[in-house]
């Protein structure tokens, strides 16, 4: 079993205010976890606990103050730009806001071709169309612009984009939170489908336990920048030990859990 | 907050240097004899061209020249203004009060008409009066100030003879420059009152009306708008409705209660508008032959009076930056009450 | 929020419609200037002189709007002045926008010291009222139409730079930019393909609506004698030529009313049209921004 993702001693802080002096906030403190290929990780926690920051670090969109992240054994922050660009093929994002995750000025064809162009490959039309059908969209979508699609459809396009380079890991930051309840189930199922089809792993960030339980093998509960609890999904969700996890469970109405679990 | 002010004040000298450096750079395209005026105080003592070039290093590299000028300027020596026939510093001292007088007068008008028309416009919302006022205001804003000024001159001076260009008439001139008339502030309106000379006072007033009105019409558009929207907001508030229910007549309700509250953001804006007037004074003073720094500045530009241009620009920049800073401070200090569209 | 939708919304608004009509009217006059007022000389912008007497002539069959001081045909001046207004307005806005886009784009995208330095540069220009600065620059460059346009461009670009910078700063944080970064896109690709196309849109609209204001300032500069050379068809200059005649003659102060009223009205209507359009568009963009 090869290790897919390892997060080691990650610390991250932000300085708010102008360049002339501001307040330093510690967003992530000593984060450690790892999982293997084929597993999927749920990142749970209330807003402000640092989940999105962690996601950005895993995607190498930002650098930590200290600590390392390994993807398939590679220390992503010690790579040079060429190596980093290659590495990016392995880990791709799906973001929360479907209205902001697509460039309004680009057609869907351009959106899906871009990954290929960036990596100096020629985008093949049939491949693009296949991607679209994988996520449940019609071929005609290629000529259209993002504003012609609904939120759920845009999220599908975002997922298609994430799949273009055949990643090993998809980091999804609350991908369902901005969608209508009726659409959430569809997209959730889509995630499950592609997970199977492509054999990829997910880091699935959300504040909803049921979603995590459905998709993920292991779960991490975060609270104010630290890990409050970690373990197999079933255990953490049905028998939360830490106060953070318990509070979270009480506060959120689960989707699909029958009869209300005894907490 | 305090840090913000400090930072802005710190920026001030840097910005001044930036502005003057840029203008100095432009002056280099001109001949040495034109640039000589930057350094001398009296043209009669200039001597020959070669002497001048030697003495003031007019062919030295630009940064060297600039630093030399800067040092002199810091000591208050800004050279000699050919168009005014006096040292630049003296010209500034001589002309600034008149502009100040004009600006204040225009500001008073802007506030008065802005508040009044804004209130009327809000009270009669969507009526013909309202739309007329808004259109009129927009038209006033769209009409070039020099056209407006000339039209007013044509009607009120040419045809009716009520007002006149310039700052005062010939007869007043003699009084002002006689030994009996003491100069206290340099502002003739105030000085004439302090001298208890009402003839001069009304004379100056007579000459002030047209330029002030011209300046005012160009600027009060924003004032009316802000007052209108602020007033509309006040009128929509509960306390206004309850006052009406209690039977207070419309007049008292509107003007007393709502008006006073609505004025706050508008008056703050007035402070900001004040410095914007500076741009307009240049034109207005030229059209009405009004002896302020604006008219002098234009003359300097037209005659390429280099020392004058530099001195004028420096003065205007200082006033403008300080004015903006003061306005910003005022603005943020009154922040919670400001709800501008 | 496509352009088509905005335009359709705008036209429903009465003020926008009025403004639109005015602007289109002048645009047509400018476009058909060679037909409306055929020129015979090589430089069409030079107003023909009907004689050399100083005194203006009242409107007549020969000179529809009369003549100004030194016998320039007012009708010709107004018609070609419209063309001149568009020429100046569009040129200045175009170049100011270009510079503003580059400076603002780089400042917003690069951040850090580059941003600070570039913003201080805009501060320097903002330190002096635009009218005064334009006047001083135009004076020192020399009386010439090109120099006046340069002066106006220098004075105008900083506002656009600020706008672009603001837009870039907010777009930089949007998810589609992050997604491109995660794909491995180079900074230049992100800048050119993702940031700029989304940042320029509102700025272009704002800038084009500034044309009225630019023409107003240009007219003021011309009035002061700092713009185009003597005899050029320029509304500001026409007003300047009326200055000696506003007090009339022969006891009738309104004798030469046409020398000021006609060019003055042209300026008023032109600028008013743009201001009405500008107001309407600003209202629409505001409400759209609030809804979004």
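Lettered A, B and C in written order, each chain numbered from 1.
Convention: contacts are C-beta pairs under 8 Å (C-beta built on N, C-alpha and C of every residue); 3 or more make two chains touch, one makes a residue touch a chain.
If you're wondering where the values come from, they're calculated on a predicted model, not measured in any experiment.
Novice: Can you name the chain whose C-alpha mean lies closest to the mean of all the C-alpha atoms?
Specialist: Central chain is C.
Novice: Please state whether B-C or A-C has more C-beta contact pairs across its interface.
Specialist: Of the two interfaces, B-C and A-C, more C-beta pairs touch across B-C.
Novice: Look at all chain centres (mean of CA atoms) and spot the one farthest from the centre of subunit A.
Specialist: Computed centres place B farthest from subunit A.
Novice: Using mean CA coordinates as chain centres, what's the gap between subunit A and subunit B in Å?
Specialist: The answer is 58 Å.
Novice: Using CA atom averages as chain centres, what separation in Å is found between subunit B and subunit C?
Specialist: From the centre of subunit B to the centre of subunit C is 24 Å.
Novice: Quick one: report the Å distance separating subunit A from subunit C, using the average Cα coordinate of each chain.
Specialist: Spacing between the chain centres: roughly 49 Å.
Novice: Enumerate the contact residues on subunit A facing subunit C in the complex.
Specialist: Residue positions touching the partner: 19, 56, 59-61, 84-85, 88-89, 91-93, 95-97, 100-106, 114-115, 118-119, 147, 158, 161, 165.
Novice: Taking the touch rule as given, give the residues of subunit C at its contact with subunit B in the complex, in rising order.
Specialist: 120-121, 123-124, 127-133, 135-141, 212, 216, 219-220, 223-226, 236, 239, 242-243, 246-248, 253-254, 257, 260-261, 263-264, 267-268, 271-272, 275-276, 279, 286
Novice: Looking at the complex, which residues from subunit B come into contact with subunit C?
Specialist: 11, 14-16, 18-19, 22-23, 26-27, 29-30, 138-139, 141-147, 150-151, 153-155, 157-159, 275-276, 278-280, 282-283, 286, 297-298, 300-302, 304, 309, 312-313, 316-317, 320-321, 341
Novice: Please give the residue numbers of subunit C that touch subunit A in the complex, ascending.
Specialist: Contact set of subunit C toward subunit A: 1-2, 112, 116, 174-176, 178-186, 189, 193-194, 197-198.
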